[in-house]
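The structures come next, written out as structure tokens.
Common to both upcoming complexes is chain A, partnered first by chain B, then by chain C.
After this line comes the complex of A and B, so read on.
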């Protein structure tokens, strides 16, 4: 009898659950993580939890390899086949919002009131995207190197000045202990250049475009500050402090094998550095005149303009922003949680944790890349200009040409809505 | 004097073979590098890349990169998709383009020269210029399948096959080859009362082995290497081909050993196809002067 009751109960329960599952409206989602198994395990865990947490919506994900993702989104927008939810790299967001691919989010403000500035994707005064994490770059070295080279340890409140940084590079170079004083990560190309190197330009007082109008790069990229930056940048390579072209293996393991004294690298590589040495120090960016700056904004969740289920998509994003989810990705991928509350749920980023400094770096030094639909083109031009200068091109001519190219693109696109 | 001449011939032959072997080695080096590297761990692969060890199966060799590649991406599915799309396209293309070439060469019809000129003119239109209009068209086309009548071809095999069945180059190849066939054969068959279809099947096609091989190889390579079009029209993993699949391996830290393992795997169908048809392909190149 008991067995019969158990079976009947199980059948009833399964019927009810099946009914709930059938009643769920499907939300489609595109995500850039194909090929990254660790990340996809975390994403799929979160989706399964959301789908089981309520009976109205069921998110069905399609994944793309990152290198093919942006082109697939653009093709999907043209063909009218964008899904309800898409993820999007922060600096690209203004372009896609301006192009009409996205719709503003309607999410619980209380969830993002204590957010880091980087993960908020705002265009034209409206929130179009929200990230679960941010990323930050620091100057990595060892306490032993600082002691040996007799260098002051810079802090967030008192970072190295440009002169102090130069003195540190000279000391490292003159010590003869290292193959190069500085690992800039030149083996990485693409978005790494504007993300990692434009903050140096901004610290000099220049920028990729003039942020007061966003209608020109004139004076920002090729002005006095831009030229000072360009000359400093070229000096790093001419002076033998860094490599203009770098082997990928050196980027991956050069600092750990003692090839470099300092490495300009992100929080995602920090655990590897900590594994290599027990006295690793993560230092803020040098201040070249207008304050220390690092790049901000990473991948964010957004809703397509053509979604017919924006309420469901917003419900999913609200779910994704729970501190436990922010902490999930931080624990699994080493990313910086978007809120202090979520950071406290992680061993690495909680107060006193080995990577807590990156949360502080994001909060205090993080600067969004130019918030303009013209950014994707400007970023490519900036990358090429920096690579050319690193390889010996004339600084003034290169920055002038880059400025003209950026301005021509802005003009061709009618000012990109600014 | 005769001995000296024989010596000279022998010397010339030796030099010729040495040069040919050197050229063959230069062409083989990338393949050897790819295959050898696919068995090395990343660090060793990058350290070896600056010297001759890059081409030698030395060091810590294993199948680990192959296992890892299969874990990272559905490699078998991607290869199946590419072989399927490529194979069907090649077969349909050989039939359609050879019949078109046949009609242009042997049949008299009004507007033939103009139509052939227009087809030739399409050779100078880069695919990138028509990709977006084609995408918009493909996203709205009707299709009758197991689900009945549906609209939109995205995420399907047919969207990767149909636009590439007919192309100007293949039609041109067939037309050029057919021009050199003895027209007396065709005329005799017509006099005997053979239909055009019979002439195509029983006379022309049996004589067209070299051009069929050439057209098949050129089409195979073009289709197998497709990237932009499948990237635009295929969102579902189930229909992705090998070249889009390659992007799975380009994460922030690129696993070069896995990249080499994946490339080695996806090269196998191309090599097998080429080796199968190489004799006919070379004969066709020699007779038509067409460069691949």
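After this line comes the complex of A and C, so read on.
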């Protein structure tokens, strides 16, 4: 019985070895872009080019819809079936690296020398993930609106102050021309809330956790700056400048149809805005005290800890980081190329291009969400707190409760390795 | 030694095997795990080892405290007023970092009531969200069980007639049951839309524009009611069919006898139909109650527990914690509490609806 098995096993192994010698070794890859046709065409083009460019490795891709992607990774990790290469949303990378799902990358330093800071996924001093692009958010409006409301056009060096922003919202509201002065994107529940709105809090001087220790949120989220942010945030809805519950359709087309004077939206929606109006202005975030801030980091490529072909996976990631590949995704999807060299290869982001402002925003104002394994939980708590405050909950009590919840989670996890 | 039970019922066991095995694997085993995890600090994702923490998870969920406060008084001893109400000291000064009141640390106001004179008693809870979830779930059950059961009976009586095309009506009433609850929830989310939803348009049309549009799911006063309404609409067809099967087991000779005796419609219902439906009624009541305690999909699709926790439910919180916040132990503790609640409610229901005459 045992002898039979051994012989069978040896035969099986020898055929496998023979197969590997003749053909490329398969690398498996999971990607979050199922359902996004343009994105998948670009990814598949890149894979085909990589597979044809050398004879050792062949990347085989499995795609998931974005909404179910993170759950699939966690399930895959618990079941021990993760692929070699996974892509991962930047802010949750520390969580997975800490949990032991990922291994550090071994890639050519020269490729990422001039990188934007956002697309580098670092945890515990090691590079675990690297993105081909970054994303940035801006305050979108039209020159015609600014002229009509007699508002100064803010610049990167001189953004609007909190008071100027308030005055702009008042002017838009009092003009009576708009359904709401500001479109914040409240319809996009989930990661949009911490990604798009926590930079406001950071500009006030607060944060989701205290970044000096990463051991508590006390004083950061519910300190004076946090309360000032909370009251300002609630005022947006109480004062009728923005709506607390928004229709998905209004988010997608409300600015283009003139419902809103200002829209807080990402570079991925910029091409649509440019189609709608010929005088679109992308303005930096207001400065509420400690400078204008926007969220940094987008999807990144990473290698699972269980991968037996790390050398192949690293070879693929090195290939993906070529400027031509960075430019490919920027051209097709409007994403911000991760280096200036790649940006020069695109019409939109090269110097003087219509979206070049986003490259500067990303470089100058981009701030990573708290780099801690506790981020996914803190983000959920933060999202709920913002939704509750927008709906009229008591600011102080809500931020206190969120702080306690974040602290309890950090404690439950033994400080998350900080 | 094979007993008569195991041998002579071998084929029975074989046939029950697949279902029995699946139940053990997917119901019994997870439940045992949940009970075990609820006493640990088990996380969904963590390199840290799991530790036994005793009842901490339960204390964290169920902790309550009472705090009676006198209103603030100014120098002359008069009660300070704010917005027409007496003003009380900030609860925050008692519940945060106050060494004199360690029992209130980290607790939040759940609700408060007047306790004689100007004093106010504040009920503090360690986990206000969970408390609200429990209250909402009970509210949902208490409203849905009788309403859905009653409506289903009404529909069953309506379609239990020999009319031409009655099957068309049966199909229409039953249709929502076979549509996925997720699809139904998405449709109703559109119907309830605050700006241009179907419901707002219909109400405004019926009142010739006098009706002001309501953001049904975005308003703390209407959100739970809106979900109750659509849940009943969705599930009522299923219970209608159960009632219908009960109705058709009642012997027609009883109705014939009643007709000969000249009984009124009400008398027929009261003395023939209703007693004949006794067992069906017990079944419908218990099934609706248990299903209602499991309220989740509608919440997850339509409101995610908001606005301001007005639609939080127990199961939604269990999932939210276990997966959303990666806290398997907290989610497990909630599941165990839910199990105990449902178990005691059904035992009480069994007791109240027991066959008193059979004693």
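Just so it is clear, the second predicted complex is superposed on the first by the 396 of 418 C-alpha atoms of A that agree within 3 Å, B and C clash if a C-alpha of one lies under 4 Å from a C-alpha of the other, contacts with A are read in each partner's own complex, and residues count from 1 in each chain.
Here is the rule we use: contacts are C-beta pairs under 8 Å (C-beta built on N, C-alpha and C of every residue); 3 or more make two chains touch, one makes a residue touch a chain.
Note that the structure is a prediction, hence the values are computed from the model and not measured.
Novice: With both structures lined up on chain A, is it a clash or a fit for chain B and chain C?
Specialist: Once both complexes are aligned on chain A, chain B and chain C clash.
Novice: Output check: A:91 vs chain B and chain C. Expected answer is one of first, second, both, neither. What do you get?
Specialist: In the superposition, A:91 touches no partner, neither chain B nor chain C.
Novice: Return the chain, chain B or chain C, that is in touch with more residues of chain A.
Specialist: C
Novice: Mind working out whether A:119 is in touch with chain B, chain C, both or neither, as first, second, both or neither?
Specialist: So A:119 meets neither chain B nor chain C here.
Novice: Look at A:64 in the shared chain and tell me whether it touches chain B only, chain C only, both, or neither; answer first, second, both or neither.
Specialist: first
Novice: Going by the contact rule set out at the top, does A:75 touch chain B (first), chain C (second), both, or neither?
Specialist: Only chain B is touched by A:75; chain C is not.
Novice: Is A:268 contacted by the first partner chain B, the second partner chain C, both or neither?
Specialist: first
Novice: Looking at the overlay, does A:247 come into contact with chain B only (first), chain C only (second), both, or neither?
Specialist: So A:247 meets both chain B and chain C here.
Novice: For chain A, which residues belong to both interfaces, chain B and chain C?
Specialist: After superposing on chain A, chain A residues 71, 247 contact both chain B and chain C.
Novice: Touching chain A in the complex: which residues of chain B?
Specialist: Within the complex, chain B contacts chain A at residues 42-43, 46-47, 71-73, 132, 135-136, 138-139, 152, 154, 231-233, 235-237, 244-245, 247-254, 256.
Novice: If you look only at chain A, which of its residues touch chain C in the complex?
Specialist: Within the complex, chain A touches chain C at residues 71, 74, 77, 95-96, 98-101, 189, 244-245, 247, 250, 376-377, 380-381, 384, 387-388, 391-393, 396-397, 400-401, 404, 408-409, 412-414, 417.
Novice: Along chain C, where are the residues that touch chain A in the complex?
Specialist: The touching residues are 41, 43-48, 60, 91-92, 95-96, 106, 108-109, 128, 193-196, 215, 217-218, 220, 304-309, 323-327.
Novice: Residues of chain A touching chain B in their complex?
Specialist: Its residues touching chain B are 30, 34-37, 62-68, 71-72, 75-76, 78-81, 188, 247-249, 252-253, 268.
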